[in-house]
Amino acid sequence: MVQQHKLITMPLAELEHVIINGRTTGERSPLTLFWSGSGIELHTTGSQLELEVETDYDHAEQWLSIWINGVQVSRLMLQKGRNWLTLFRGMNPEKVKHVQVVKEVQPMGADQLSLLQFHALRGDGRLQPVASKPVRLEFIGDSITSGEGGIGAREEEDWIPMWFSASDSYAKLTADALGADYRVISQSGWGMLSSWDNNPNHAIPLYYEQVCGVLTGERHKQLGAQQAYQFATWQPHVVVINLATNDYSAFHQPAWKDEASGQLYKQRLLPDGSFHPDDLARFELAVQQFLEKLRSCNPDAHLLWAYGMLGTPMLPAIYRAVDRYMQQSGDRKVSVFQLPSMTDATTGARSHPGKLAHAKAAEELAGYIAELLH
Amino acid sequence: MVQQHKLITMPLAELEHVIINGRTTGERSPLTLFWSGSGIELHTTGSQLELEVETDYDHAEQWLSIWINGVQVSRLMLQKGRNWLTLFRGMNPEKVKHVQVVKEVQPMGADQLSLLQFHALRGDGRLQPVASKPVRLEFIGDSITSGEGGIGAREEEDWIPMWFSASDSYAKLTADALGADYRVISQSGWGMLSSWDNNPNHAIPLYYEQVCGVLTGERHKQLGAQQAYQFATWQPHVVVINLATNDYSAFHQPAWKDEASGQLYKQRLLPDGSFHPDDLARFELAVQQFLEKLRSCNPDAHLLWAYGMLGTPMLPAIYRAVDRYMQQSGDRKVSVFQLPSMTDATTGARSHPGKLAHAKAAEELAGYIAELLH
Amino acid sequence: MVQQHKLITMPLAELEHVIINGRTTGERSPLTLFWSGSGIELHTTGSQLELEVETDYDHAEQWLSIWINGVQVSRLMLQKGRNWLTLFRGMNPEKVKHVQVVKEVQPMGADQLSLLQFHALRGDGRLQPVASKPVRLEFIGDSITSGEGGIGAREEEDWIPMWFSASDSYAKLTADALGADYRVISQSGWGMLSSWDNNPNHAIPLYYEQVCGVLTGERHKQLGAQQAYQFATWQPHVVVINLATNDYSAFHQPAWKDEASGQLYKQRLLPDGSFHPDDLARFELAVQQFLEKLRSCNPDAHLLWAYGMLGTPMLPAIYRAVDRYMQQSGDRKVSVFQLPSMTDATTGARSHPGKLAHAKAAEELAGYIAELLH
Amino acid sequence: MVQQHKLITMPLAELEHVIINGRTTGERSPLTLFWSGSGIELHTTGSQLELEVETDYDHAEQWLSIWINGVQVSRLMLQKGRNWLTLFRGMNPEKVKHVQVVKEVQPMGADQLSLLQFHALRGDGRLQPVASKPVRLEFIGDSITSGEGGIGAREEEDWIPMWFSASDSYAKLTADALGADYRVISQSGWGMLSSWDNNPNHAIPLYYEQVCGVLTGERHKQLGAQQAYQFATWQPHVVVINLATNDYSAFHQPAWKDEASGQLYKQRLLPDGSFHPDDLARFELAVQQFLEKLRSCNPDAHLLWAYGMLGTPMLPAIYRAVDRYMQQSGDRKVSVFQLPSMTDATTGARSHPGKLAHAKAAEELAGYIAELLH
């Protein structure tokens, strides 16, 4: 066991060589993490390294994973409060280690206290420059992109943070396969036009331009969740949009009532079980408008609608909307890609895609994106 | 998110329905865990469950993994002291969960302070009876059986607890494939006759009859590590012995000097590079005597020498020794099984078998044991 | 070795229990086989069975495979002339064997002499009734559906019958996975609107209603290739259309000149490399019209456009055309499915999908069709 | 389709650049093939190549496979008589093709007429020199090494040539993995000391020094099957002996009676079901003596006993015998390797190892031999 040197505490704000993964504000004292797959990444010498983590919650606790030299060595539920988390101990002090800390869970909007912050590092080594990755990918989605059910037994049915796994999600696997940095904007149950239960406020496009607009609590506002996101600081090469799965559910769920206004919202089916054309048109218009917004925020990115891990019923509508957007805009850097469907053998927890389904989707998607990037 | 009931603290000593995995003493206030793969297993209702864990160390920290309904949901390095570790939160209180907590690391004899104890459970559910598993397996081995290198990047070279993974070891995988309860006695670097560096005190047979005789510190003595193990309480159906890998190394290492007596110990090679027949004979005699000891401790078990994950140079000697033991004893319930060798594609950390090598070994071994148990 | 009984010659025309696979005429004296994957299938007792085969060609020879109890036991190039081919010998005469003989190659229109006929069976057993399969699939396609490159080394570049493998094609694999009878209409290089080199006569829809209209030689006419196909005799549950790959090539190839009329045919690109809208519209109209024809021929079938094994550039146009067809017709039993793209690891001969690419496509497609058939 | 040049007939005897695979006599006019996996191998230009094959049999017909550029393109049952077999047609005449023709079946001693000969090649190309492979392997075995059951449905029970597949055997797969030339000496049902049914004449060692001594018919004698094999012409680097599986069966089968002498032969079990020590000793002595013979025939080869695909009950005896041989001879280039056992998932026809079992055995064995050859 290596004799460690004296540990030095280094506030994150003072550290040049720490890469921040995921959308966040410019604040580094402390660094607040919002999204699934966000975290930090660094190269360092030293025998030991610790991370000062602060977390809070009412009911939806935080989970982190720790990766050393590309291998996940730990995944853990965080205890409330401000604590030092050991990332590694007893290692050869001379050698450079690649370290990642990944937030495994999505923003938990229903938990007003939900908080994850990194304050400082403490160690006996010296951080090394990390070359920034040559490709940047943004993933916009729902529970699938949040890795819900990516971990856990098939029989699990509870909606709890434990079953979320950013590390098993196709988003991380696709980025890793392409050597890419990536950011995720995703919320379980949400969609293009509404959530699975017809709530029109749970539509991702409404919040796309904020740092993490889906968090609306007072604490989150103070943390800057609703600030305008500075798109210029991180322009993706490809924006992957994996939305529509919950929009399909909305057609099969009861209306959602806005308690304030009394208004009802509902995507309707015709008596023969097909989509009501007016409601389908609303969905398509939402897709078209979201593409416009994405383009204005990401002038050079390829916009890629990737859909199908839980079936493809909305694919014709997506194709129509994308087509209309392309016709009207003249924009050519847009396409649609059908992801392979989860099968009985690849189902994970909560009837969601499991590790194998995510791995398969990532393999296909990474192959397609590699062609785009040629 | 489920509203939890009041949490009740339940000392382990008072709990009837907690299965203790791994060799330990009769003491339950608290329960001390010694060996790789040891831990607890239970079935319970309730929305939340916590485990009171106490740990200490000088340099070799403890690691645990948590399994819910057969899936590993967490693996973490423990912080020193006595703390409550949440096993699950927010689950459907009515449903019964299968929970396992597994010690990921082997006994760390070089760390005199090394300690892992479980004091109590705290939760809002009710423990359920767990049917004891119909098959019991004991695994005796070295670093391979301790799962050293089962986790971690190939480039890792540090000898640290982080790279030990009971959960990835062929021992756990074999037991799981057969639905068996299992116990592990293993020490990295140790062998039949001596350790990899010719130290004759680091021979597993010397300590086989104690609870955990390989721990010799004062603290460990007080915890009962050196007590006689009560074989009658848990008789295995099969004893798997995976030793000889370090005995082979001893032939290629310098002599070990007993500083007290000044005596040198060395397994010698002949000038042509082959084993010195006298030293090979000493190894074989040790195998033969160990089989006698194993038989006397485990009257009905099948004794199975399983060897080969890091090559098979000692296999002829093992066969000879087993043969001689069988001839002299008339014992028929003994056999030898060659495990598949690690390949370039299945190498893990520290030049040891990785997850894939363990999985392959477990598949073959479980098939062989299934035939034995017919 | 079993002593065989006297062999009896049985003209195919007199045999009730032989299932004919693939489109053909009503003629059975002899039976002419035209399409890839066509052949016969039977259950029989007896120790030995032979098939009287007649074949001819100028340069494009015929290949057959023989399957016994679901396993391919032989694949062979046929010698010209009329010969007895042994299907099995020396088997237990009492047991019933399932036997299939499969034409491995597509219709070879460029070879005016091309001929494959089965005259009679000869054996010592008794044919047994075969229950007809509950699902019927029709596959319409190009070289991919013909299994071109499904066998052979990656370096192969010759366009010869040897590299065609009906048995490795996704069509057979999909049908087998679903326990379905299937028929194939496919020609290497052909498309919806034209062939890969803009020849408008090499468009599958022109010949869809004939038995095998793609064969236009005098001999083929006499054999009935150009007869109207009797759709009523075999109505598929699903029609899979895998066309567009060559239509994409046509945009990138020189014009094709009709030597008779002097007219040039060409799918054009715009200066910026995108499809000329008029020509893309012609393609889409062709898709739409083909769907109308398919519907009129197959009133109850699900029409499934499955495309993507060599990339997806035509998918938006296919979606548009299918959409327009559905809007105008009100037909709901139509959908589009993106097949997984061939990768570097799954490439076969002649830069075409290899066995692994076909197997992967079949797995995904069979999963999708299974849902349709629910 | 390429226009072929005039075909030239080339007697094999006059061809310098044809590699002969497998043990045979020095005769090339014609070349007689005896053993499983034997055949020819060549590199050639030209558009077309044919092979003049002569075959005969009473009941056990011959099967060949044809490989072009490393891919099996055909496998077929041969018709009696002397015929030209087309190996390829219509290929680019300029390019060099690698062509192999492989005898799929073992010597069929029970069929006195059994015959396979190659007379000549006919083609329009020019043979090219083939570099001889740097490694040579000899495989000595029984049905497993003959690839019996490597092809065919699991339900097959007939003992017929159709279920033999040299191409799927671990012997070919191991040789291919190592880029090695290989020769096979194997007979289904035969063993070290006797066949599965105690016939002492069906012991491979009795015939090891002849070209193909297991063929004893008058025709075979005239073909030179019983000639002394010229070991000096082809010295293997490794001799793999996979015998003992049928010797185990002999313990469980009735005695075999030599009708001439009236003598009974039987490997006996003791009342408790274990091997009779005298009979086991006879087996071990036979192993020891065979090793002596192998060494005298192959002075520099590593002798490798590889056993276990259908279980390992004889492994201790093999180890004992090998050990005794090594002790008495001082020979060090001898070892034992346990092959992975066939499982339910890898079973082929006739309860023998299927393709997957052979592939797995070959992977392990090739890894072990690669180490030996270092």
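Just so it is clear, A, B, C and D label the chains in written order, and each chain counts residues from 1 on its own.
Keep this in mind: a residue touches a chain if its C-beta (ideal position, glycine included) is under 8 Å from a C-beta of that chain, and two chains touch if they have at least 3 such contacts.
According to UniProt, the chain labels map to these proteins: A, B, C, D = SGNH hydrolase-type esterase domain-containing protein.
Since the model is a prediction, treat every value here as computed from it, not as a measurement.
K.L.:
Kindly point out which of A-C, A-B or B-D repeats the C-D interface, defined as over half of the contact pairs being the same residue numbers.
P.N.:
The chain pair with the recurring interface is A-B.
K.L.:
Suppose chain centres are the mean of their C-alpha atoms. Which chain sits farthest from chain B?
P.N.:
C
K.L.:
How many angstrom between the C-alpha centroids of chain B and chain A?
P.N.:
Here chain A and chain B have centroids separated by 39 Å.
K.L.:
Counting only Cα atoms for the centres, state how far chain A is from chain C in Å.
P.N.:
Chain A and chain C have C-alpha centres separated by 44 Å.
K.L.:
In angstrom, rounded to a whole number, how far apart do the mean CA points of chain B and chain C lie?
P.N.:
58
K.L.:
Is the way these chains touch best called a line, a ring, a star, complete, or other?
P.N.:
Per interface graph, the chains form a ring.
K.L.:
For this structure, give each pair of chains that are touching.
P.N.:
Between chains, contact exists in these pairs: A-B, A-C, B-D, C-D.
K.L.:
Which residues of chain B touch chain A in their complex?
P.N.:
So the residues of chain B in touch with chain A come to 1-2, 59-61, 68-71, 73-77, 79, 86, 88-92, 110-111, 151-153, 155-162, 349.
K.L.:
Report the residues of chain B in contact with chain D in the complex, numbered from low to high.
P.N.:
274, 308, 311-312, 315-316, 319-320, 322-323, 326, 332, 335-338, 340-341, 343, 364, 367-368, 371
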